[in-house]
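Labels A, B and C are assigned to the chains in the order they are written; within every chain, residues are numbered from 1.
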Amino acid sequence: MKPRSRLAAAAAGLVLLAAGCGGAGDTAAGGEASAEDTTLLVFAAASLQEPFEDLAEQFEAQNEGVDVQLNFAGSSTLVEQIQQGAPADVFASANTSNMGKLVEADLHGAEPVDFTSNTLMIAVPAGNPAEVTNLASLTEEELNLVVCAPEVPCGAATETVEEAAGLTFSPVSEEQSVTDVLNKVTSGEADAGLVYVTDVKKAGDAAWGIDFPESDAAVNIYPITTVKGTENAELGQEFVDLVRREDGQELLAGYGFAGV
Amino acid sequence: MRSLPRWMLLPALLGGLFVLLPLISMGLRVQWGSFGALVTSESSLQALRLSLQTSSTSALVCVVLGVPMSLVLARSSFRGLSLLRSLVLIPLVLPPVVGGIALLYTFGRQGLLGQHFELLGLQVAFSTTAVVLAQTFVALPFLVISLEGALRTAGTRYEAAAASLGARPTRVMLQVTLPLMMPALLSGTVLSFARALGEFGATITFAGSLQGTTRTLPLEIYLQRESDPEAAVALSFVLMIVAVLIIAVARRRVVA
Amino acid sequence: MSLSLCASVPERGVELELEVADGETLALIGPNGAGKSTALSLIAGALRPATGQVVLDGQVLTGQGRWVPPHQRQVTTLSQDPVLFPHLTARGNIRFGLRAQGQSRQRAHREAGRWLAELGISELADRRPAALSGGQAQRVAIARALAADPRLLLLDEPMAALDIDVAPALREQLRGFLAPRTALIVTHDVLDALSLADRIVVLEAGRVAEQGLTRELLTRPRTAFTARFAGLNLVTGRWAGGAVVLEDGTRLRAAGDFRAGSWVHAAFRPSAVRLTANDGIPRTVTGLLPRGDLIRVRTRGVAADLPPQEIAEHRLEPGSAVRLEIPAEAVTAYEA
């Protein structure tokens, strides 16, 4: 199925996947496997899971004999995995700082390029029981507000927005990830949470989104690059190109991502 | 030792290394220069304090609920007892996240009980109480399993003798059963404390994460990994030392 | 404090009726599985009978829709295992029963000391059970049981686990304690029955097989088990002209005055049996066992204890044909 040289590396990668959080989506489309199959390993931020699964499928359709394997986790976890020697051909980060870590470690194969962006949005449980209208209403005392911890990117963005709006939130919980924030909202435990536009979209009917103008202060930029030392540098670059192409961008927009 | 086949030493040694090596590796990664500062930061100390407080409370709740549970499971006989015995141990095999979700549907704002609490003005979610609930949920089986096993092994002859001397059931329980069970009770309590201390999944799912209120040491470690891996390693090391101490105490109690 | 038990436990094939008079000590004997332990469990309240009742001192403990739990029965069991609480000292064990009876702390402490002295083990007061010998532990258990002042004491082979050099002294002590008390003792040891029991009840297959005053029953047994327990041979035949005529026609002379043709038991000690050249009871040797300075020669229904010299002289071995003779004065004959 895979070239021998890749086999050990892939096995090592799987161990790392199991150890890290987040789901690894293997989108290898059933097709008959030939000895010439090439596996492209794409490490992508967890928030990119859905569009990238679509993109991988599209990429495989366009490139015969290519099998795209996706590893989704928090951007910092992914950088750490790459630093520890996990095999990766492409790395898509949810923010510039984690991409910066890769560049700092001199593990980038090409100059990273920004390919999409995401902004914060207020998520409330369906029906908006606490009658949230704008960012200022999140400071109300009786309100159970849940945000990301400042240590994680979405939390950093929340702090930026907070400062820009001149507000001080007193959240009941500072969660590890946007998913955790969203879960607290959809389950009704929290009255409101600050998540990304894409997350509200993902939640479907379980959560309603409320736009606020201050979100412009913290636009989250997603950079992408190939990883240094990969045998599939060319193929990796083609994947990066697909992501930046019009059809790739349209696909991202469908999941709530904005352009750059 | 002599009766063991010699080849067994190799896998035994490998197994030992497999457990110890990661711990040693972590110890090697600790930045000793900044260790003191890292583990005594405000957030670290708060997390440690919260962890010790909640774990002690959970261990206490485990004793208060677990001792009667063990006695009922070990000493009574009714239909469905063996099924009940298995059900009680479910949190032991359940992924803690699942436990957290189950607790959410019970004590959460819209949960089975939580919605009534809400009407009374009580809110469990996002409170330290929620942390204790989550920890107790996962730790209780440890106490029950060790105590119930000991009760079954000990049998009922001492209790029968005590009753034959005219002692009421309460006196028998307090002066005969419990003293005889003390080693098992102590090791069970230490185990449940340890399990509560290490609790992560159910807590983050059910209780949330807020410094000083719900962010226990494991949650703090996981969060620090995002921004300050060195601090995460230092705190992990602290947690490991606590775990080693607990095991040392527990083992000595069991042997004694 | 008389006890009356009348109960059936079908799943164990037990159907019993027992009476123990006030102040009496009753020995319960019988083969394994005869229902002795079941009887004790019924009385102690460890077992509920399908039907029947247990009445102690006029109070219904079990039956008639009533059930007194074990701890309220004032019935204390002393078994072959002392079951001393391992976490308490000897004194603490005794004190436990006294405290359970509602005595004050000081009084229980004093009383426990008195009982330790009574059993002659005051110096063991502060020892834990782990530091006591079997005999010492059983003494503590006896003190603990007696101190609880039960209305009825149940003894389940109390001496069975003790060394033979410890048992006699303990039996003697127990005799003194049981004399004024109502007690029921299960035993396999004829010495226990002889020295402790006023009366014996023999159980077989869950039923009372026979019962009687100790001396009477041990000298005139009516069942094979009782005879064996008493160390006697027991044969049965019809009375004819100053002799018991056995099934095979052999005659056993004995003193007595019975109606000719009536069924008569004849009991005699194995050591009274002699070998004879002619006449006598014809038997085949089934086994030889050492028995003190004698050899027990087993045959069907009759055992003979003979000196080894005689065994050698007659070259007795399993399968040998022998003729056995019992002097008339050694035979006790009584109506069957």
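Throughout what follows, a residue touches a chain if its C-beta (ideal position, glycine included) is under 8 Å from a C-beta of that chain, and two chains touch if they have at least 3 such contacts.
Here the structure is a predicted model, which is why all the values come from computation and not from measurement.
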| item | value |
| --- | --- |
| Per Cα centroids, the chain farthest from chain A | C |
| Chain occupying the middle, per Cα centroid | B |
| Cα-centroid distance, chain A relative to chain B, in whole angstrom | 34 |
| Whole-Å gap separating chain B and chain C, where each centre is the average of the chain's CA atoms | 54 |
| Length of the line joining the C-alpha centres of chain A and chain C, rounded to whole Å | 86 |
| Residues of chain C defined as touching chain B within the complex | 44, 46, 69-72, 74-77, 81, 83, 85-87, 96-97, 99-101, 144-145, 148, 150 |
| Complex contacts: residues of chain A adjacent to chain B | 74, 76-77, 80, 144, 146, 149, 151-152, 171-176, 180, 183-184, 187-189 |
| Residues of chain B defined as touching chain A within the complex | 104, 108-110, 125-126, 204-205, 207-211, 214-215, 219, 222-229 |
| Residues of chain B defined as touching chain C within the complex | 157-158, 160-169, 171-172, 175-176, 179-180, 182 |
